[in-house]
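The following blocks contain the structures, represented as structure tokens.
One chain, subunit A, appears in both complexes that follow, with subunit B as partner in the first and subunit C in the second.
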Partner chain A sequence: MSRLRRTGVALLTLLVVAVIAFFVVELAPGDPASAALGTHGTEAAREALRDALGLRGGIVARLGGWLAALCRLDLGRSFVDGRAVRDKILERLPPTLALAVLALLLAWGVALPIALWRARRGGADKLDLAMSLVYAVPVPALALALLAAGAPYGPSFGAELAAAACLLPLILPRVYAHVAAALDEALRGDDARTLRAVGAPRARVVRVALRVQALRLLTIVSVQLPALLSGAVLVEAVFGLPGLGLLAFDALAVRDHPVQLGLVVVGAALTIACTLAVDLAAPLLDPRLRDGARG
Partner chain B sequence: MRLARTAAVAWLLGIVAGLGACARGCGGPGSRAGAGATVVTCGPAGCPADERKPAPGGVLRVHVEAEPAGLCDLVNHEAWVRWIVENQVMDTLLEQSPRTGAIGPRLAERWELAGTGASRTLTFHLRDGVRFHDGHPLGASDVAFTLERARDPKLGADQKSDLDPVGRISAPDERTLVLALPGPAPFLLQALAHLAIYPRHLLEGVDLRTAPFCRAPIGSGPFRVAAWRSGVSITLERAPTFWGPPAPLDRVELVVVRDRQAAWLLYQRGELDLMTRLPAGAAAAAERDPRLAGHRLYRHTPRAFFFVLWNTRRPELAAPATRAALGHLVDLPRFIEVAFEGHARPQSGPFVAGTPAYDEGIAPLAYEPDAARAALALASPRPRALTFLATAGSASVEQLATLLEEDLRKAGVTLTIEKLDFSRVLDRLRKHDFDVTALQLTLALEQDNWGLFHSRAIGEQNWGGFADPEVDALLDRIRTTDDADARHALDRAVHRALHEHGPMSFLVAPEVDTALAAGFGGVTPSSDGLGLAHVFRVDGAP
Partner chain C sequence: MRRRVAIVLLGALAACALFADLVASELPLYCRLGGVTYVLPCVTRPAALAGEDQQTLAARGATLVSTPIPYGPLAQRPGGVLERLAAPSARHWLGTDDRGRDVAARVVHGARVACLVGPLAVLCYLFFGALVGAACAASRAADLVLARIIDAGLTIPALLLLLLVQGLSGRGSIAQVAIVIALAEWPQAARLVRAEALRVAASEHVLAARALGAGPVRVGVIHVLPLALGPIRVLAGFGLGQAVLFESALSFLGYGLAPPTASWGELLAQAAAHPRPWLLWPPAIAIAATVIAARLLVEDRAAGAVRRRPAGAGS
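Showing the complex of A and B:
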């Protein structure tokens, strides 16, 4: 598939996600005007607010207007404070991105050496079991335990690092399982068998296996992003990181449709961008794909 | 292999130890039994005066649980907004004592009622020399502008119904405001004591709901908004333009910490100085924690109470006897123990206990399961299956629902608990699409219950669909009675009638512990806020 076509498919995917998200958000129960006015608002006030928020027209017309604005990179204005959704998201993006990157580095920093060690010794069932048990660690409780142990609070590298460590239960077992499986497969492959036949040391065999599986491992990185974005809300509250997770939580509570939709679009765009980047980088990692692309 | 096993075991043990520490209240390292924080019990007359000597300056870091969307109380309805803004950033025309309810001067130095009947007027004389934080003078036109905004039915201000009796609003000069009162207006002064005055010169023609002003409001109070770091903190600093005695503190940092348990850890670490509400179990631990010696725990009862609301439109809940029987199945002592660790006061009606409107002769709900079961057996139609609409995330309501479910089951009634977020609960209540729910209501010092119980408020706040001609008549008379004693007598009659008809089962007013770090004094916690303008650093404190 050409790069242009891949990019086109990515944009089309984003459009489909945006349209589905629009219907899900708009048709979900809960009235934004009612949520904004609380217990005291009269029906007149709710009606006036619905008018002001543009909740009157047909859903298809509103979808058209929203998509047209989206094409201009305009995500609309928050129902709650009237601020531009784009500004709100850009303001909250850095802590969450930092958290995601740190969590990925930590997960890979832990998973890769363990998986390599496992590959060198030809498997370890008990280790596999122990890693799967990490899933069972409750993230919010782990976050509170770290805070009790003195982890920093508020926007800082220390708090980001502690929060990233708390996300490990969400991604470490998955990353480890993927890496271990990829290495197992590669070590059973032709390249590894040939190397073993010529008497290459085990470390070299594993190194080659890792190189063979590089593309697959990179793909694993790109698919971790949605899990990290959704997991962010669990730790951002405890460590005082003003990121996208908390913004999403608040937007959901007050039915702030433009912010909810903006977050879905940005989350989807980030995930698609990562996948696309891996896709486009694939020929650099695997010469066979490069040749195939030329052909 | 042995190394891997050891590492895995150590990792798991570490997590288990961490979680164990947290389950004991996240006390952190070094918790020991001993003399800790001092409990200051605040009675109906308020908290005891702080006799310590104040020192000028200092920064107070206050825990804020929910970051408001904006700081305009006309459109931002969260309690935190009022707590941050009222008489701290923005001034009100009058001031109400949070304990006695007495109305005193604030921006208005004095006021007088003149005329009779439909031609009465209420004239306010405004203080001279009051300026907004941007230096612009505050005058009667600003007050008139604010009142007109608050009366706009499209804005949805909480104070609107209290301002309905006001006719024409005029400002003959910048120090005089005249309100025409074609009819009685018993709740007007109280409403004016909780209505922040907005600057006309900045907001004329501006939609408050989307105004950037609400992120950096310009008021005339003792503090001005210096910074707002979204999701992190709001910083107030002493306003040099304030007309009254300057606030003792240089700055107040309102630190947003969503998780109450995390906030308590930060407080213990000395990263917060004031916590308005402690997590479960923290107060008892603080009293024993020697690291918190010199800290104060202000134990007070805000004007908020829990109640069970029955949908009187459901045929099986229409009869007062059936609702009363169901109410007697609420195990109040157990609810107080489970949800509030024994720190809550039973409440028998929708008025502030200890005020003249509250009839002390009416006993709170008694837990009488046998009598309730007998009464339910005679009910026609008999409730067999009910759904309890619970606000997700409200631990107390969820605990209540669980207790009620157990007792109703023994009485042959199946209670299904449906958890929804508050906004959806509200939607369902407005449509009367529920059987039973439990909510918490914060009362005004003098509570006008017209909206909650009058039949004409069905579709608005009278979510239970309660309609009774006797109660309607009483509520109407309260709204047209200016004489306070006569009004309070009517309030007590409403209290009795509601006790008899049982549209709600009134439950408890929980106590709250507010923690203040050693080195600070002057906190006066109440439902109206913390009185930050009076908080001071104690002289000689580090």
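Showing the complex of A and C:
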């Protein structure tokens, strides 16, 4: 697929996400105005809020308005302080991105040595099973246990690291399964056999194997992002990290539904952007994918 | 062997859920008070015993056969005594929570939520997934649209979507939580069923059916779907665990079931507010055991799926 086409598909996916998000809000029982005002709001206040939110008019007009605003990168305004949702989300992005990167690095740091040991042994079913069961660890419980064991609270590197460790159950099983399978395949391939035949040291064989599979290992990063963002809500609330997850948690508490809706769209957009970036970078990383190359 | 462990664990969980009132209740299994005999008042809840519990009944000199855990999940002052955040003791095996309720009783009754939300969510999720997957295989036009929707659905962080819906509609019933979880999770099922369905749709018996004039609905439902349900068993085990984890996460954030329903996630939320080990470990172990059991039940097929799946991971 050409780059243009990939970009087009990514934008189309984003459009579908926006439409899905719109209909979820539309079809969910209860409407944003009464949810925001709770039981205290008068009918007049609700009507005024509906006007302000653009909840009037036909469904098609509202869908059009929502998509048009999205095209201008406008996610609406917060109920609580009237600030643009886009700005609120942007300022909370860095801690969550740091958290995601740390969690992925940790997952790789754990999965790679284990996968290498497994490859040396020629497979280990019990180990595979154990790694696949890591996802059963409930993330909030792990976070609370780490906090009780003395992990720091509040924005600091220590808290980010502890929070990233708590996200491991969400991503480690998949990362491990991919790394183990990729290593298996690469070490059984022709290039690895040739290298071994000419007497290359084992470390070199593994290095080449990892390089051959590098792209495939990179693509799984974007697959993990939704799970990481979901987990961020849980761990950021526990560790008091001012990221997107805490924003979602706080927005929920005060019924700030434009922020919540914005977070759903931005979360999906991050994943889509990450997938697209990997797709577009693929030819740079893998000469086999460059234009004009065979096979 | 592993399957047996899984079946025993899930059986224990189901028994806990089904017989929760016989295991932990304010009222005893058998009681004779003032010449009147009550059999299983913990289930029948006779009006004459309203407001009583096993402690006050014993104090009034009733003859009773008490339940293994002589406290109800909602009883804040058993026997008229309020014990907030009491450490585990002979009286309260797993201590009490911040309202004086017995933690062991709440863990046992929390199994009900897991046993209802999990299977209900899995049913919805497999139904959506199978339907969409089959539709993709049946018609190319449908596939073009639905594949995009599945892709888009896979990019949405599930918990953010769940919180959006729960924030709009408020804390609700077990059915609502289950449907909301299925809503966030169905693209996973649809993706796997679609891949399998497209493989089946390329086979010769489907071509033969088409040649005989079968329409897309008939092809999808009769010729493709039954053969494409292979991954369903694995998905069911995996989805059951996911649903239990999601329910506990929602309850942990305070947006699961309406209080005072006992749920494992709600205990974890209390552990966040009051860092006591007896509020943290019992629900954590219950959740992990349930998820592991659900996964081990489908283990043999799942292990194969893990080995096969990465081949198409890049797409």
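Just so we're on the same page, the second predicted complex is superposed on the first by the 271 of 295 C-alpha atoms of A that agree within 3 Å, B and C clash if a C-alpha of one lies under 4 Å from a C-alpha of the other, contacts with A are read in each partner's own complex, and residues count from 1 in each chain.
What we mean here is this: contacts are C-beta pairs under 8 Å (C-beta built on N, C-alpha and C of every residue); 3 or more make two chains touch, one makes a residue touch a chain.
As the structure is a computational prediction, the values presented were derived from the model and not from experiment.
Quick check on the subunit A-based superposition: subunit B and subunit C, clash or fit?
Here subunit B and subunit C cannot both sit on subunit A without a clash.
Pick one for A:A237: touches subunit B only (first), subunit C only (second), both, or neither.
It touches subunit B and subunit C both.
Which partner does A:V137 reach: the first (subunit B), the second (subunit C), both, or neither?
In the superposition, A:V137 contacts both subunit B and subunit C.
Taking the superposition on A as described, I'd like to know which of subunit B and subunit C A:L63 touches: first, second, both or neither.
Neither subunit B nor subunit C is touched by A:L63.
When the two structures are overlaid on chain A, which partner does A:L285 contact: first (subunit B), second (subunit C), both, or neither?
Neither subunit B nor subunit C is touched by A:L285.
Applying the document's definition of touch, where does A:L97 land relative to subunit B and subunit C: first, second, both, or neither?
A:L97 sits against neither subunit B nor subunit C.
Which holds for A:L112: it touches subunit B only (first), subunit C only (second), both, or neither?
In the superposed model, A:L112 contacts neither subunit B nor subunit C.
For A:A45, decide between first (touching subunit B), second (touching subunit C), both and neither.
First partner only, subunit B.
Looking at A:V221 after the superposition, I want to know if it touches subunit B, subunit C, both of them or none. Which is it: first, second, both, neither?
A:V221 contacts neither subunit B nor subunit C.
For A:A268, is the partner it touches subunit B (first), subunit C (second), both, or none of the two (neither)?
Only subunit C is touched by A:A268; subunit B is not.
What stretch of subunit B clashes with subunit C when the complexes are fitted on chain A: 420-428, 438-446, 510-518 or 528-536?
420-428
Could you pull out which residues of subunit A sit against subunit B in one structure and against subunit C in the other?
29-31, 35, 133, 137-138, 140-142, 144-145, 147-148, 237-238, 252, 255
Which bits of subunit A are touching subunit B when the two form their complex?
29-31, 34-35, 37-46, 48-49, 52, 77, 80-83, 88, 91-92, 114, 117, 121, 124, 126-127, 130, 133, 137-138, 140-150, 153-155, 237-240, 242-243, 246-247, 250, 252-255
Which subunit C residues qualify as touching subunit A in the complex?
2, 148-149, 151-161, 163-170, 183, 241, 245, 248-249, 252-253, 255, 265, 268, 271-272, 275, 277, 280-281, 283-284, 287-288, 291-292, 295-296, 299, 302-303, 306-307, 309-311, 313-314
Okay, in this complex, where on subunit A does subunit C touch?
My answer: residues 12-14, 16-17, 20-21, 24-25, 28-32, 35, 125, 128-129, 132-133, 135-142, 144-145, 147-148, 177-178, 181-182, 215-216, 219-220, 223, 225-227, 229-231, 233-234, 237-238, 248-249, 251-252, 255, 257, 260-261, 263-264, 267-268, 271-272, 275.
Across the complex, what residues on subunit B touch subunit A?
Within the complex, subunit B contacts subunit A at residues 1, 4-5, 8, 12, 15, 18-19, 21-22, 26-29, 67, 69-70, 77-78, 153-156, 158, 160, 207, 209-212, 214-215, 229-232, 255-259, 261-262, 265-266, 269, 271, 421-424, 426-427, 430, 451, 459-461.
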